[in-house]
Every structure is written in C-alpha cells, then in structure tokens.
Amino acid sequence: MSKKLKIVTIGGGSSYTPELMEGFIDRADKLDIKELWLVDIEDGREKLEIVGAMAQRMVKAAGLDWEVKLTLDRREALKDADFVTTQFRVGLLDARVRDERIPGKYGLIGQETNGAGGIFKAFRTIPVILDIIKDMEELAPNAWLINFTNPAGMVTEAAIKVGGWKRTIGLCNVPVGSTKQNHEAMGYDEHDDKMFMKYAGLNHFHWHRVWDVDGTEVTDKIIDQLYHPESEFAKNKLKEVKNINPINYNYEQVKDLGILPCGYHRYYYITRDMLEENLENYKNHTTRAETVKQTEAELFELYKDPNLDYKPEQLTKRGGTHYSEAACELIASIHNDSRTVMVVSTENNGTITDLPYDCAVEVSSVITSHGAEPFNWGSFPPAARGPLQMMKAMEETVIEAAVTGDYNKALHAFNINPLITSGTYTKPMLDEMLVANKNYLPQFAEKIAELEANGVVYKPE
Amino acid sequence: MSKKLKIVTIGGGSSYTPELMEGFIDRADKLDIKELWLVDIEDGREKLEIVGAMAQRMVKAAGLDWEVKLTLDRREALKDADFVTTQFRVGLLDARVRDERIPGKYGLIGQETNGAGGIFKAFRTIPVILDIIKDMEELAPNAWLINFTNPAGMVTEAAIKVGGWKRTIGLCNVPVGSTKQNHEAMGYDEHDDKMFMKYAGLNHFHWHRVWDVDGTEVTDKIIDQLYHPESEFAKNKLKEVKNINPINYNYEQVKDLGILPCGYHRYYYITRDMLEENLENYKNHTTRAETVKQTEAELFELYKDPNLDYKPEQLTKRGGTHYSEAACELIASIHNDSRTVMVVSTENNGTITDLPYDCAVEVSSVITSHGAEPFNWGSFPPAARGPLQMMKAMEETVIEAAVTGDYNKALHAFNINPLITSGTYTKPMLDEMLVANKNYLPQFAEKIAELEANGVVYKPE
Amino acid sequence: MSKKLKIVTIGGGSSYTPELMEGFIDRADKLDIKELWLVDIEDGREKLEIVGAMAQRMVKAAGLDWEVKLTLDRREALKDADFVTTQFRVGLLDARVRDERIPGKYGLIGQETNGAGGIFKAFRTIPVILDIIKDMEELAPNAWLINFTNPAGMVTEAAIKVGGWKRTIGLCNVPVGSTKQNHEAMGYDEHDDKMFMKYAGLNHFHWHRVWDVDGTEVTDKIIDQLYHPESEFAKNKLKEVKNINPINYNYEQVKDLGILPCGYHRYYYITRDMLEENLENYKNHTTRAETVKQTEAELFELYKDPNLDYKPEQLTKRGGTHYSEAACELIASIHNDSRTVMVVSTENNGTITDLPYDCAVEVSSVITSHGAEPFNWGSFPPAARGPLQMMKAMEETVIEAAVTGDYNKALHAFNINPLITSGTYTKPMLDEMLVANKNYLPQFAEKIAELEANGVVYKPE
Amino acid sequence: MSKKLKIVTIGGGSSYTPELMEGFIDRADKLDIKELWLVDIEDGREKLEIVGAMAQRMVKAAGLDWEVKLTLDRREALKDADFVTTQFRVGLLDARVRDERIPGKYGLIGQETNGAGGIFKAFRTIPVILDIIKDMEELAPNAWLINFTNPAGMVTEAAIKVGGWKRTIGLCNVPVGSTKQNHEAMGYDEHDDKMFMKYAGLNHFHWHRVWDVDGTEVTDKIIDQLYHPESEFAKNKLKEVKNINPINYNYEQVKDLGILPCGYHRYYYITRDMLEENLENYKNHTTRAETVKQTEAELFELYKDPNLDYKPEQLTKRGGTHYSEAACELIASIHNDSRTVMVVSTENNGTITDLPYDCAVEVSSVITSHGAEPFNWGSFPPAARGPLQMMKAMEETVIEAAVTGDYNKALHAFNINPLITSGTYTKPMLDEMLVANKNYLPQFAEKIAELEANGVVYKPE
C-alpha cells in the first residue's frame, strides 16, 4: 500500500459516478488515492461537468485530499494510471433506445446485453475498448482495467483475448444482489457474508451453489425459497427486484437444474413471458432505455444542486445498485492483496471445462494483488452445459464480427442468438440496425455505405 | 459370407417395407439370406398381413428362395437373428398427428424429430428399443441392431449408452439425398459417387464438406450452387425436395458457416419461416402427419393388389426415399466387410471433440465387418459448435427423462429445446402431451395419473 | 463449532502421535474436542500403549479435558466419529525395509512412495483403506477422512474413486516445508505466510508458483535462490533438508521449467544421482527404512518416560515435521469454515486440465466447512505435462492392480514406472516382492501361492 | 490423372534410391511421371552420381520415358514439383555414428530416433526441413511433402506446426512390416491385406488392433502368437526382424496392454535388455551406424556396376525394406484418389484425444486426393496413455529446442527423455554432443562457441 493511487474512470460523466465515489469514500482507509480522473467525450461534456462537480463536493465533504480531475483528454488521464474503470456507453442512451426498439419492431426482445441489442452494444463498444488498451499499452502498462461496460462478458473477453490485456477484470452487480438475496432466503441479514457461494458461467448467464456455515449445501433449500410457487419468501421478495422482471421461473425446471440460476436466465428460461412483457413496453414506449432516460434526466437535475454532496437515494432506482460496491471492493482487494472472494469475469483457463480454454467466464475468485484466482468449477450437467456452450459460441461469433466487421458473421451471430428467432427476416433487421448505428461502427463502414446505397434506412416508430 | 442370414424387421407392417424388400432384392448377390422376418404388434396386424403378402410376392417375382415370415411374436423372430432393423412407430401415425398438432396449438413447430413432437416420439420409442435389446441379449447376442426409427440419433444413443448394445448403428436417408444433390450441383450424375464427402454432427443436425476427385475442396462452390439467391441450380432443384420445406437459407449465414448444412437445419437457421409454414399447415390440417396418413392409406390400397410384386412409384412420395438404399447397403457392407463409406449414427469416442465422448453422433464412416469406423472430424468453429453442443445436451436431457420418467427433467428438456420457445406455458403443454400419450408412456404413468386427477385433459382441435 | 468433536486416528501407535497431539493442543481454542481415539492393531499394541500413555500425559499437562482413548477395536472407535485420520503402516517398518532393499538388490531406487517400493506400499495399503471406508459408511457416515498414509496420492484416489468416499482429503508435509523455504528465500521469516503460492500436481510430484505481496511473480527469483549453482542461500539451506537428498537440480532445466519443482522431483529430474546415493545406502544398510527403524526405537524409549509430557526434540529428526501442522490445521479449518489456503490431495474435476477428471490431484485449495475448494490451475507446458501425465497413468495402473490383484497389470505398472528401468528382469523382481509381502496382500493370494509353488522365494541380503 | 507428374527426392544420393525407383517403376500404370529429380548437396555429390546413374539405368530397363535428373540445386528441382520426398541425412552417417556412440559412452542407449541420438537428429534435421518448406512456398505451393527422414514424427510435426505446411505426410516402414507379420501370424500370406488393422500413436511408438475378415477382433490371439513364451510362431519369426532387436516383451505386460505394440516399443518396455545389447555393440564397435556404414559402402560398390539396372538383393539387408512400398503407394494413392488405407504421420486434430489437438500422430488413414483422412481412435487405457503422453511432450520440447536453439530447453528435453536416465551428468553429455555436431546446428551456434571457449571438446572413443 506504499504507492499513492491514480484511478481513471472512462465514461466519468455517467449518472453512476456518485455511487462509485461513495464506494471509494467508504473505503478511504484501504485506498491511498492521489488522483481520481473522470474522462468523457465531447458529447458527454455537460454531464461530466455536472457529475464531476458533485464528485468533487462528495470528496470534500468526506474530508479527503483526493484530487478529482475532469477531462476530455483520455490520454492525459491514462498516463501512469494504476486502475482504469470503464463505464462508458458508446452512442449514449439514444443508442440503447434503438437497441431495444428496433428488435421490438421485429417482434423480439430488445435488451442491452441480450439479443440483437446486446450484439449491437458489443459492436459499438469492443472497438473502443481495444483503442483504450492501445493507449494503456503506451501510457499505463501496469494498470488494471476494471470493466463494467456491458455486455461485460464479451467486452472483457475482447480485452483479454483480442487486446491481449491480461490485467483485465470484468465486473457485474448481479452476483452481489443474489448473494444478498440468498442470505436473506436463509434467514441471515442481507449484509451478512457468511455462506460460501460458488458462481460459474458467463456474465448475465451464470449459476451458483450455496453452502451454509456448517458446510451443508443449501442450494436446493434456496431454490424452494425463491422459486416454489407457494413460497412466502418469493412472494414478498421478488417484487423488489429492479433491473429484471420478477416473473418467476418454472419451479420444476429449476428443481431439475439443481443449481441457482441468475436473474437474467429469465430471458432464456421463460422467453415467451419476457417477450410478452417486452413487447408491451415496446408498444407503450416504456422500454428500459426510455425509462432510464427519464430517470437520468431527473438525476442530473439533482446533481446540479451545489449543496448535494452525497449519493442521492434516487440513484438506487437506476438499477446499477452494488456496482460501486463491486468495483471499489475489487480495486481495494487488488491494492491490499486482501484475498476477498468475488465473482468476476476473467480468463477461463479450464475453470469451466465445458468452455474454450481462452474465453472469458464469470466465476467466483479470490482477489489477490496479482489478480483473480478462480475456484475450479469443472463441468455442468447437460441441461445447463448446452445452453452455456451455445451462449459462449454466440459470444465468440459476435466478438469476431465486432473486431473484423464481417457482415456474414454478424448475420450468423444474429441467427444463432437464442433470443433472436432465426429467419430470413433477420437480414433486413440487421441491415436496419447497421444503418441506425452508422456513427458508431467504423468496422462496418463499407457495408453500411453499400446498404444505404441500396436504400436501407432506419425507420424509428 | 459363409453363413446364411436371418434378418428381422421390427415394425414390418410399415408402408416402407416394399422399399426395404427392393433393397435386399437388388443386393441378392451380396446377401445370402435364409429368412426375412417381419414383426409387428397386434394393432398393426392388418397392415403387416397386407404388406407382408406383398413382400412375399416381391421375393418370389425376383426368383429368390428367401423365406419371408410374418409374426406378432417378437421373441420368436429375434431368435438367432443376424441383423435386426427397426422401423416401428409406437402409437402409429395417430401419435404423430398429436406430436404435430398439440405443439401447433401452442404456436410451435410440431415435427416428429424436432421440438416437442420429437421429444415425445423419443419418450414413446426409447423404452421399446430398450426392451428389444433385452430380448436380443438373450436371443440374438451377436446380432447387429440397425435403427431407422426416429428420432434416430436419440434412439441410437439410448441403445448404445443405456442399453449397452454396442452393435447398434443408426441410419438416416438425409445424407444419401444430399450426397446425390451435391454431385448434381457439381455437374455429376446423381448416381455417381465420386466426390469425397465428410459429414459430422447429429442425426438431422449435421454438416459436411466436399472434395472433388482431384482433391480440391468444393464445399464453398456447392454452397453457392445451392444457396446463392441467384443460383439457377437452386431455383430448379430445391422445389423437388420432399420431406422438408424448400425455403432457402440466409445465403450470407451459410457462407460464414463455410460448411454445408443439412436440410433439417432449416428448422434452426430459419425458424420463423418454418414456423409460419407449420402453423399454416396446422390451421389447414395439412400437417405432415395428416398428409402421410392419407398417403399411407392409398399405399396400403395398392399393396392389397395381389398382382403388385414390385415397389410402386407412389412410395417415393412418402418421403423416406433412400432408406432402403442406406439400410440394405449397410447390412451388405457389414456382411461382406466391404469398407463402403456411409454416414451413420454411432458412438462418438472423440470423433467430434466438441461433444461428450460417450454420446451418439452421425458421421462419415467406413463400414467393416466389425462395424463402423468413423473418420476423425475434430472440432467445429464456434458458430456451428454452439448449436451442436446445445442440441446434444438437449438430447441427453430427453434421453434421461425418457428412461427415468422424471417429470422435472422432461420440463427442463422442453424449455431448452431450440424449437420450443421457453416460458411458463410449457408446463400445461407438457401436461397435455403426457395425458394425450398416456397409453405409450409407462415410465410416466404415475405422473400422468396425477395430472388426470388434477383435471388435465387432451383437447384435440 | 457447536458440536463436541470425536477424532479418530488409525495407526495411533505411530511415533508421530506426539506431534499430532501437539498440533491439537496448540489449536485447543479452535477445536472443541470431546474424544481422541488412538486405534491400532494387535501387532502394534505395545507401541500404542507407550505412545498413548504419553498422549494422555500431554493432554493433561495442557490442562484440557479431552478423553484420549486407546483401542484395538477400530469399529468401536469409528462409531460417530467426526474426523478420521490415517497414519498406519501395513506391515510396519519391516515392510518398508523390504520395499527399499529388494529394489536395491535389482539396482533400483527403493523408496516408500516411489518406484517398486511405493507400488508395494500402495498394494498393501489400498485394501485396508477401502475396508476402513466400509466401516465408516456404516458407523460414521458424515466423517471426514484425513489421509496422510503414503503413497498419499494413490491412497486418496482409491478412497475417493474406488471407495466412493467424497469426504476424503489427502495431506502431505512437503508443501508446508517448501512454503516456509520460499519465504526464507525471499527474505521473509519462515513463519510468515504472506506470499501467495499456487501448487498443482500430484502427491510428491507437484510444482508451484509464487507471488510476492505486491502481486509481482517471484517464481523465477526463487528458482535462482534455490537452484543457481552460485546461490549462497542454496548452499546454506539445502543441507538442512531432511527426508530427501540435498543433491541439487540441473539449474538450466529448472529455468526452462519456469515453475518450482518439489523436493521429490529429484527422483525424476536427477535420477542417476539419486540412484547412486540409494545404492550406496543399500550397500551400507543405511537405507531410509533402516535409519528410521533406529530412530523409532530411540523415540519409543523416550516416550516410555512417565515424566515426558511434551513432544521431544528428537522427533523432528524423524522426517515428518509439519505433518501435525498440516493435519490439525486442516481439521480446524473444516470445523471452523476458516477458508485457510492449504495444499491437499482432492478430486481433480478439471482443476488440472491435463489429467483425468476423476483422479486425485494435490493442489492449493481454500478449506471450507464443506471441504476443499481448489484454485483452478489449467494446463502445464509440455515438459512438465508429459511427466505429470505419465505419473498419473502409472498411479491409475497401480491402483487398479491393487484393487483387483491382477498380476499382469502389476507387471505393467512396474514396467511403466519412471523409477523402475523396464526389462525382462522385472518379472522375477515383482515375483520376489509379492512373495516377500504375502502376509499383507490378500488380493494377490492366489498368484503368490502359485509363485511359491514354482519355487519363488524372498531372499533378503 | 491428367497432369504429368514432377517428383523430387531430397537426399537423392541415398542408398535407398534404387528401392524408391523400383517402387515407382512397379506403379508405372498408376503414376504418369514426367520428371524424377534426385537432389543432394555437395558432400553427397559422388553418391548422387553413382546412384543417380543407376536410377537412370533402372528406368531405361523398364522401358519408361521418365526423365531422371540429378542436381545439387534444390531450388531448380523444386520448381513446380507435385511431390517432394525427403530421405536426406544431415551430417551423413558419421553424424549417426556420433548419435550412437556418445550416448554409449555415458552408458545410454544411442539410437537415431530414440534417446539422445534421436534428439540430435531432430536438432540437425528440423532447421533443414523448414528451409525446404520456405523454398516450396515460393516454388511449389501445391506440392505434397512426403517425409521419411527420421525422426519422422518430430520432423513431420515441425513441418506442419512450425512450417505451416499442411500438405505434409510422414511415412515409416514399421507398420508395413507389422501388417505383414500379423497376417502371417493369423495364417494368411504376408502379401495378403485382408484383415482390418487400426494403428494409433506416434512414429516408432504406436499400437494397433486387428480384426479378421469376419469382424472378429483377433488382437489378443496375435499377442499370443507373437509374444507368448511358448509360441512356435514367435520362435520362428522373431529372428528374422531386421532393424530392431528380437528380444521379446514381457508377455504378461502385453496381455494387460491388450493392444499390439510396435517393434520400437522394445526400447521402452524392456529398456534394460536393450541397453545391455546396445552397450555390447558400443564396446565392439558394432553399433547400427557402424554396421550400416559398412553395408552402404558395399552397396555403392555394387551401384557402380554399369550393368546393374535393378534393385540388388543386398539392399534389403539395409533395414529400410518397405519404405519404397509405403512412399510410392502413398504418392499413387493421392494422385489417383484411391482411398487406400495406410498408416501415416499427420495432424492429430483430435484423432487421439489424449494428445494435443495440433500435434502430429501416426495413425491409420484413408488416403484421398486431398490427403490423409484418419480413422478416429479416441483415448487409450492409462498404461498406454501415460507413456504416449510422455513421449509426445518430450517431442514437443525437442521441437521447440530445435527451432529456437534454446539450451535450457534442450537440457530439459534430455532429462525427460525416457531413454536418457536423468541426472547432473546430462549437462556435460549435452555439451559434448553440441560441440560434436557444431557444423550442423546453426541455431545453437552461440552456445556452442561459448562451450568451446570453456574447453568443452568432443572426445570420440
């Protein structure tokens, strides 16, 4: 803990920044910070200035001497950084609106990490993350890249496998939430961290097992608490869930599974129910992106208040609760070699034997000063293994299309994605999405020009 | 070729039997047959007598001294058999009608090897095949089991892995047809067998590569012939395809794939188009099962003609063309150690490294007197590997549910099947299908009784 | 920590027992012990009484109320046990003398865990451990089996894979020693446990990597400290090593290896040097077994002293230093769910992807109340992978021969063991060793009778 | 068979050339040859001229219009070649003498494909084969590289994996011989090729299974014929074996193995016996290399005879019998797409699942116009699997040292080679061998200079 830290946040103008600041401030005793840099692009200047000023107020109110710097010059910020966190959104929320509404038009689930929306978010984000890595190679060769930008699993895999940045760790708030929920389901306080949990899978597609403090496996008991149709716990608790729909799983299916699914498995295990809800939101213009846009506008109004120097309650509605907890905890654990157990996206290297050796997986790991050391998981039973292998193969195809700009591969990815019903209609949908995203997809520029020449246009409804 | 052969056909009352007979007769010089036994059950007695009489006429007309025996006593037939072929259909065509129409009611593709229909066909068939194996262990311990009963991949895997009958080989007519088609696409006669083809995958879910006689790989050239939107060959030929819809693939997707898909991949690669067509057939009562029922009725009328002693032209409309070619060729190849290259379902043993070692795969193999020796395939690129692994995992789950009668596993299989959109509605659909099939599912008897007690009924439309 | 513990030690009459007692006493605050049972067989009665009385004095001197019980009735002891530790030696030290001297006669390394000696120790021990497990199934179904009986890797694998006892953990003192040594080599105190080490391989055949507290990997630096011919550290420290010879490795080979070998790798990496030393000891009757016999006799003389109530200094000469540290620490960690990192033999399950899924490996693990959770390792570079795979395959062959009593397999194991030069002479050597061990090899009884009938005799020199 | 072939033989001055010529002449109806180029280096000019003239006489005597060209200009020869065969020996037979005698001095088996000798042959040969490939990329991009240069497995792997030349096939005469022997053992004529054999493993380290024409596996029966101590067949036949010693295996070990070993397994399965014999030859200056040198001198005397226009009987004593059969058959099979089954070294790609996907293996394959299509093998039982994995890992280490000139890796390879007893003495032995081979090891030039500066010299005895 000798060296004073320089931490850089790409996408610093995000509405999440106050939560991140709170996380750092809460760990001030474990993080000897010198500088916190908030970086954004020209389009995000206004938000950066608002939230950056607030971040400075928060640090001041906490009585800390950290320098909070705001900049549009990424390279200046990256110079000699120790940790780089990423929470940027290429194309801002308007891109997310398109990710959700264009698939909706074609009768599909639109979602920023799943389906066609998630694929396009990967297409926009992966080239940028690879650019950041190029800068880091030159300017911050020892820095850790802590990625929360979605789709976090694919972005992390691209950073490690394509970018070659081994010091990348991907993070997500989903396991933090379910760990709390599992403790509650077993009668512990949600702030307890007593039971041993082992997670494995992919980002937004993982499962876990739970053992009570006396060593008894309680996975099955928690399945009953959370998913039995008569469970009082389920009835009371599920309605609180934010980001994802509280529609419940087929209890019998989860019993057969024998391990605990994550919240995002709803998209795959009860697709038709989720689709109905998504199409309803599509019709009513209440998609997640549209809702979040409204929330964000309100948040930034709040952030403008020169007297606000703490994270406002309203931010918890935003959906990203626990992100800061995860990110700041991870940084503190690496910095202090504190051997905390966390669920992170990292290189597989055989942790899950059903998946390629060199892919990224999201697994329970011990966090050390040299990075994440995952617990071995091994293999899954067939009914979990198949969907897992399918998802990873789809992710690999998306990453390759994102890196190469190969149109045929993009169409192939569309037609094997479990949330995109395959068909001949996927080609016009892909074409429309490419054109709609033309400002953010340099790798597909030539194809997009050709499509436009052939009259393909983006038709928002 | 010393010993005179005893060949037994379970499901001998099938309308396919004349084709099988023709296949044997065409190979009379390679098959030193003593007895051909056609076995059926009481419900199939009438058909067995009609088609059996016709089989006897065909043998006689060919001037052969083979004894064609008809029986309802399976054990009598199996005694000392050398080859046992299976072409039975548990529940007859009415079961197939239900397999196709119940899913249709829930807005799904109903198909006898895919989706909910295929799962139920596996549930009905696997216990019977395991029973046959028990008889064979006792009565015909050295016999080869040649299975064409669908879903052929799952039935073969159950026979080998659960039944422990290593001398099982599964067969399908699809590769025979595509081999012919590929030759035509390259300007050869369809009866040529010059090019080298290597198939790998699962039954109704395989891909292949093709090399011309000079060693040049022509896979990509054939892709263009078959799937390019402007291909004259495709326009002319696709309309001839029988069993499966001639709707064409997304050309760009197949180009990225780089290997040739099989006809059944349409269900997975252009699902929405196939679904639309299926639902149209559902509405018009022109599902495959309903059409086949009509065709079969006509065929049996023909078969009754005491002067008919050759395979009538109308049988080719039935859809199973080339089955006899495949089955009789396989039997002759084993009998003569003739080292023919055929595409068969057999134990994986690492042939496809992406799949479990002990599962069944459908792969190009050299047929020897000790069985199939598959050509090594290795691994697939991600975009093919993922769907393949997904299918096999689903098959494993179905087989396990079929063997154990585990309801939770059956529901799990439903919800991971790529042609069944998952959802909470799958439980009532599964329940209705269980009740509708109650006469053929002893392994689920207890659960079905419980469902009926709870008021679940089968409601045909 | 609610329940009072019953701990059972099979082979309680061992000279190591005082060290084990010291380990328990040192952890009295973490182990709420009710009863400690020391079990031995009739042939070990005298030693059990001597060392058992001393154990009782030690507990009393520590002011603890634990009951130390001595018995020859294993089943009485096992009833409701929580932990069962095994430190027995079938055939006592005389068997070890034969394990070392017969191979010596044939010009080979004789060693109780390596070569022909290790194979015979496995042959004698595995049937007994499987017997103990049968008792445990009936009498102590929830107990943990903590095995230190050598060859610990093979015995652990047999317990888990053949005996089906999943709650088995194998232990060895070698990693404890090298962890200390690595700390010293980096300038830390040997009692520090600051650096992160990751071990993987098999018992007495593992490697490890080391990271300093700041996250820097120091494996290569430690290689230089320990194995560079000019290293002062090496010159001073290696001479202190007990059990195994301080002859140093080929420095260049270890540099290429890039990971730290264990002490026992000397048998494989500098075989000829080790062989020369072993043959010298053979000639001078100073083999390890003969030396230990002398030490043990002295120890038991000391133990008889009714005033001795603490572990005597002389025991550290015995060679098993740190065993108690490892065993007691493991028991306390399981009991308290304390998440200690330890190196243990456990099921592979893909931890080392180069080895069979279901074998036993020795790997760094987090100890929880439900057992060991290994850190994933993945694969080794070829030059380590090959010898590792060779050893495991040899172990599997030995285990199978030990369980079945298959003579051909035993001879096969002999001829692929890396420390037994293969040849036609191995058959007479195997025969002589079988006859020499006839009292302890019920599984080979028939073969031994046949050998004796053919005049094979054991000829000690 | 449209195009007239240009076939190039690197190392055309070899004493084997007449056998190769005979092979081509015997297949004149299947090989439409235009030019046969015999290439050698300046040091081999005399031998090239002698044997080249004889080759021309042989072609003429056969009444063929093939042009037999002799050249020292490899690039001229390679231009537009269709097939390139390699039978060169870097350093000529004197290098082989050193490969066998230096290890002998250190008490080891010296052998040109095994142990230290084989490693040095790889070190000398691999850089040359990679050079040839560079020329081929430029001059003959579609040519097949047919390698018989030893160590054939490692050279083939280097060509495919390092050189990237996918159209490489390695060949060996050992399987040809054992196929004949197995037919004889079963009472067939040695020229029959009726039984089905499946080989798998590495060059000089493979096993096989055999099925009789009726499909019965006869592997075990042949084991008894060849290896049972009382077998009359074994007594009569083993004495005829050329290249390798007729000392017999441990029968019981082979019975446990359950598959047929190759002749070279003697070095690994009865090492001590082989070592004794080798050391006897070393002492008497009758090592294989020394014997072959004498034979070769005699052969070249014969070849000088301007009337000799056929392969002289004496060549069969040379040891390489069947090489031409294998090589010419392979070339004819590729040229004619004749689907012959042959045993060749080719890319693994999962054929043997126990070995790395990208390594070279020697396996039964169907030879097509696009190359070798191996039969799938799968995995071996542990007692074969371990030694196989060990050998491949050693080969990989040797190849990497051969390509990089990494001294540490070379020493590592020495110490894990199953025929080199590891030890501290291996370093001086490696050093002496490096210095002895200094003219042929450009990749180790710097290290050799350093060794010489430190006084290391080659001391022949």
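A few comments on the model shown:
All chains are identified by letter, namely A, B, C and D, in their written order; residue positions are counted from 1 within each chain.
Going forward, a residue touches a chain if its C-beta (ideal position, glycine included) is under 8 Å from a C-beta of that chain, and two chains touch if they have at least 3 such contacts.
Keep in mind that what you see is a predicted model, and the values were worked out from it rather than measured.
Touch-path distance (fewest steps) from subunit A to subunit C is 1.
Chains that count as touching both subunit B and subunit C, per the definition above, are A, D. Centroid analysis (C-alpha atoms only) places B farthest from subunit C.
Residues touching across the subunit A and subunit B pair largely coincide in numbering: over half of the numbers involved belong to both copies. Our note on geometry: subunit A versus subunit B, Cα centroid distance of 44 Å, whole angstroms.
Averaged Cα coordinates give subunit B a centre that lies 46 Å from the centre of subunit D.
Between the Cα centres of subunit A and subunit D there is a gap of 55 Å. The residues of subunit A never reach two or more other chains; the list is empty. A list of each chain pair in contact follows: A-B, A-C, B-D, C-D. Of all residues in subunit C, only 196, 198, 211, 213-217, 334, 337, 339, 349-351, 353, 357, 366, 368-371, 373-379 touch subunit A in the complex they form.
Within the complex formed with subunit D, the subunit C residues making contact are 247-248, 250, 252-253, 255-257, 268-273, 275, 382-383, 385-387, 389-394, 396-397, 400, 406-409, 411-413, 415-416, 418, 421-427.
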